[in-house]
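Two complexes come next, and they have one chain in common, subunit A, joined by subunit B in the first and subunit C in the second.
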Partner chain A sequence: MTAPLTRKKPLQPEEVEVFAETIGHYFAHTTGEKARVRTAYLLETGSPPQDDFNGMILVRGSYQGSLCFAAPRGLLTHVLMRMGEQEYTDADHLDLVGEIANTLAGRARRAFGEGLEISPPHTFTRAGRALPTLADSTPLIIPFTWQSYAAVLAVHLDVLT
Partner chain B sequence: MQNNRSSWLGKYRELLAAITLFLILDLGVLAFNTFTSHLIERDTALINTAGELRVYSQQLTKALLTLRQELHAGEPVQTSLAEIGEAHAAFGAALAQLRQAGQGGGLWRTSMDATGQERLALLEDYWGPIETAILPLRDNPHPIAIDVDSAATKAVGRNVRLMQLADDLTRHLEAQAVARAAWLRYIQVGAILLATLNFVFIVFKFIRRLLHSDRAAEQARRETRDILATVREGLFLLDRDGRIGGQFSRSLPALFGLPITGGQAFAPILAQLLEPEQREAAQDYIDLLFNRKVKPALLETLNPLREVALKHQDERRKGPSHLAFSFTQVQEAGEVSALLVTVTDISRQMQLAQALAVTEARAGSEVESLLALLDQDPAQVRDFLDATRSRLDQMNRALQDVRPEAQAYAELINQVFRGVHAIKGEAGSLGLTDLAAQAHQFEDVLAPLRRRHDLTGDDLIPIAFQVGELRQKLARIDAVLTRLARLPDKPATPAHPLTELKKQIEHLALKVAEDLNKKVRVEVVYPSPEPDLDANLLRHLHTMLPQLVRNAVAHGIEAESERRQAGKPPEGTLRVEFLPTPDGGLSLSVRDDGRGISCARIRARLIELGHSPERVETMSEKELLACLFMPGFSLEATAHAHAGRGVGLDLVRDMAAQAGARLRLSTLPDAYTQFTLQFQPMPCA
Partner chain C sequence: MRLKLLIVDDSMVIRNRIARLCLDMRLPSLEIVGLAGDGRQAVDLAERFRPDLVTMDLTMPHMDGEACIAHIAARLPETRILVVSALSDKATALRALKKGAQGFLHKPFSDAALIEALLELIR
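Moving on to the complex of A and B:
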């Protein structure tokens, strides 16, 4: 018995733009100031960039791969302050990137259909261990700026046909 | 219409009946009041008349007694006789009036009741003898005493009884009037009560119906609002004056990418969305829709906006690229009063259709590319692949390092555009049509961005994708090339680079000419034996030559008919000449015998592009020709696969600067255009 043949192809720009918009709106909603896309590029070699805190979701189904939001401590602390939080522990920072990853998961579900299997957000620090990716295509890196900080969204998804 | 009227009547039937009843009651009470007042007036008159009988009887008796006394005393009797006559006549008249009233008749007269008539008859019986006794005294100036005595005796004897009877009649008439008045009052009160109840009913019914209507209207409004707020399609009514109705779906402004207000004219919106020809067709179609004589089925087939690509607008950043409009006539009284317009975003469908067409085309061009590979020098293709990979890496690094500023984004777009155009040119000259088509698609993404001045980081996402697409194409060609290299049947010795270059130039020139329906003869001249060429110089030649060749065939050489009109042979000539220079360098010239470059045409194009006519008029020939090398400037108004992007000569200038080569342009209108590149001798390694 042979496994069904599937062909992997990269996402379309519009499909990725929704994630960039989601991040932008999340910041606009929680802090009143939108996070802006600085640029977009293909990851030449190596793993997607990680930062102090990272929130990742895995996607399986007609789309397969991962979405990972990585941000430095300073940015997240600033956002927590804007949100009126009093605690700034690592756990709070991880919760925040987890929430952002969860927002991405919700957007992915709306964009790609309910049939998609999306993992709960996996959060980790720079020293932590990232989940293995499921996609073969070249990851797309979308750096964001918010105030003077920089964060990154790594989109690593294949479309299975 | 009749149905409408009957339903309208049906809806308000109860209310109309109640109002009619109210009016009838009201008028009835009014008529009854008039009738009652007449009855009361008559009753009062009868009572008065009956009361007067008493007075007249008294006066008559008194006058008779006075007459008897005057006769006996021999005094004049005229006064007494006159009084008797008056009293007698008045009594008789009153009695007649009562009698007439007793008999009834006429609209306002009812007969006296039996008791009244009985009392009146009694009174008449009792009056009869007195009247008989008085008769001899009437109209007799000298009555005799015996008649007077007889009359006076009768009058005195009957006066009291007569007065008694008149009183009885008066009281009876009063009682009758009181009873009637009471009865009339009851009727009046009853009628007014009925009218009031009817009025209350009307008010209650009316308010209830009003409340019901309000609730229904509010419900309808809410449902309409919910529908308009939820529906993805753009919905609105377009009136005969071409204005958008007050209510439209919330999605409409997003679909148009424009702010919309109720009552806004539709034509200016179409002007912003559509090209002028499409707009005119749409306007004609809308006018046609308001003509009720045209069959709806026919109208549907004529709709020019069934699938329409929206005009590119620099200021509109987001929004659909394609829309579908459907129009439904709203009829009222047999006339088309408005159009219900449904707008659907079909961008995704159109993209999918385009993607499908591209995929199908690519399947063909992939095969074509792979076959072309067999015909090329693998080393040269490998060299091209390496150079292209390097270009793509540079683009990706530039994307990664770009400063977040609109100016930096614009510079990046121009830089990427040049790189992609170079890839397209070289791929075309190598016959790698699939790759060239991908590069052309990349240019399609870049072209609108280059016109914008408000670029943001979001705009770079599609560029990164396109870099990825080109990379994938390269990888595929690379894999095929690797497999080809494994084949045992390899060419014995690779040809000289200039020989390969000649082959590519010829291939490219003929391909462009074929695509543009032109005829061209290619002459490639190079020294023999072929000089050794530095790898860098060769790379530059590979990049620049396709641009100059493509430019010459696309812009320079005319179509066959145009050449015939100009008295030229139908086939154009493209001459590419490599010449070693005395200082050890290389001169490359690309010359076509086409239409040349007209400065007037450059001027016109600059004005078309929005440059000030005054400034353009004062520009020298040199300045005008320099415009040809500006990024984004092209003499073609619309871009196609081989021209119109305004990148080729910009790229050549950029590459020439990188290679330290001197670039010259000479041209003569209707005769020729020649580009010459003079490469300096390469320093010894």
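Moving on to the complex of A and C:
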């Protein structure tokens, strides 16, 4: 009988690198222009940054917590244009921010395996929303720029062993 | 004869992109018969229109893509299914193929990769 997964530990540096790679891969493949991923940092105090549009993925399985992709309107409008969209409503922006969050999380499974069980995206506009805390470890913020826009991926995950 | 295509994805942006690519690239033999935003809607539209081809997302609300694939493969065995998903691990791809999908395309995808994958299913 398999022992239940209960002991929690934070992500290791090489695991963090996986998420940085997913950001670079997404923008290179979707827009043809690379994103510049900056140095990740631990968010010792406060809540993960939110932006005009936010896409959150809940994680279960061998990992527990959430991933949240937060981006300004301008970045998403530009990506929509690159994808050939001709409408730029709030609904389009919310849809895209959720799709990006989902794609980044799904890509991470290439390295983490199917133990990284991900939910469909939950999306919201900037509202200073209090998000549920689903992991005990310190959230990790991965900032990046694409064109002139700054955005972040907040990774808040415990590894269950 | 034109082949009927059903596009299934919970993202409107992705549904539109796939539809637009099929039209822009003038895939002459494809007719888009439906766009579904979740698994239940996909099953309903599949039973109503009996598509020849389906592009299928996996992570969706209400009914996920794997359940949809199993349902469609059982009810419409002639329908060919191309999974278009962000889930990049090998086990997921193998499971989808085992349940009845014929192809797997990872997101994010390029225009050329999508067209090639669809043509592969048509051939």
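We take it that the second predicted complex is superposed on the first by the 149 of 161 C-alpha atoms of A that agree within 3 Å, B and C clash if a C-alpha of one lies under 4 Å from a C-alpha of the other, contacts with A are read in each partner's own complex, and residues count from 1 in each chain.
Going forward, contacts are C-beta pairs under 8 Å (C-beta built on N, C-alpha and C of every residue); 3 or more make two chains touch, one makes a residue touch a chain.
Bear in mind the structure is a predicted one, so any value in this text is a computation, not a measurement.
Undergrad: Here subunit A is shared; do subunit B and subunit C fit on it together or clash?
TA: On the shared subunit A, the partners fit.
Undergrad: Where does A:E85 make contact in the superposed view: on subunit B (first), on subunit C (second), on both, or on neither?
TA: Touch partner of A:E85: subunit C, not subunit B.
Undergrad: Now for A:D95: first (subunit B), second (subunit C), both, or neither, which partner does it touch?
TA: A:D95 sits against subunit C, while subunit B stays out of touch.
Undergrad: Looking at A:T103, would you say it contacts subunit B, subunit C, both, or neither? Reply first, second, both or neither.
TA: It touches subunit C, and subunit B stays clear.
Undergrad: Determine, under the contact definition given at the top, whether A:T30 touches first (subunit B), second (subunit C), both, or neither.
TA: Only subunit C; A:T30 stays clear of subunit B.
Undergrad: Contact-wise, after the overlay, does A:T138 reach subunit B, subunit C, both or neither (first, second, both, neither)?
TA: In the superposition, A:T138 touches subunit B alone.
Undergrad: Can A:G74 be said to touch subunit B (first), subunit C (second), both, or neither?
TA: neither
Undergrad: For A:G61, is the partner it touches subunit B (first), subunit C (second), both, or none of the two (neither)?
TA: Neither subunit B nor subunit C is touched by A:G61.
Undergrad: Please determine whether it is subunit B or subunit C that touches the greater number of subunit A residues.
TA: The partner with more contacted residues on subunit A is C.
Undergrad: For the overlay on chain A, what angle lies at subunit A between subunit B and subunit C, C-alpha centres, nearest 10°?
TA: Result: 70 degrees at the vertex subunit A.
Undergrad: Aligned on chain A, what is the least Cα gap between subunit B and subunit C? Give it in whole Å.
TA: The answer for the closest subunit B-subunit C C-alpha pair is 12 Å.
Undergrad: Both subunit B and subunit C contact which residues of subunit A?
TA: none
Undergrad: Sort out for me which residues of subunit A touch subunit C in the complex.
TA: Where subunit A meets subunit C, its residues are 25-26, 29-30, 80, 83-85, 91-92, 95-96, 98-99, 102-110, 112-114, 118-120.
Undergrad: In the complex, go through subunit C and note every residue touching subunit A.
TA: For this pair, the touching residues of subunit C are 10-14, 16-17, 20, 24, 59-61, 85-89, 91-92, 106-110.
Undergrad: Show me the residue ranges of subunit B that touch subunit A in the complex, using the header's touch definition.
TA: Going by the criterion above, the answer is residues 393, 396-397, 399-400, 402, 404, 456-458, 460-465, 467-469, 471-472.
Undergrad: Subunit B touches which residues of subunit A in the complex?
TA: 10-13, 16-17, 20, 36-42, 44, 137-138, 140-143, 145
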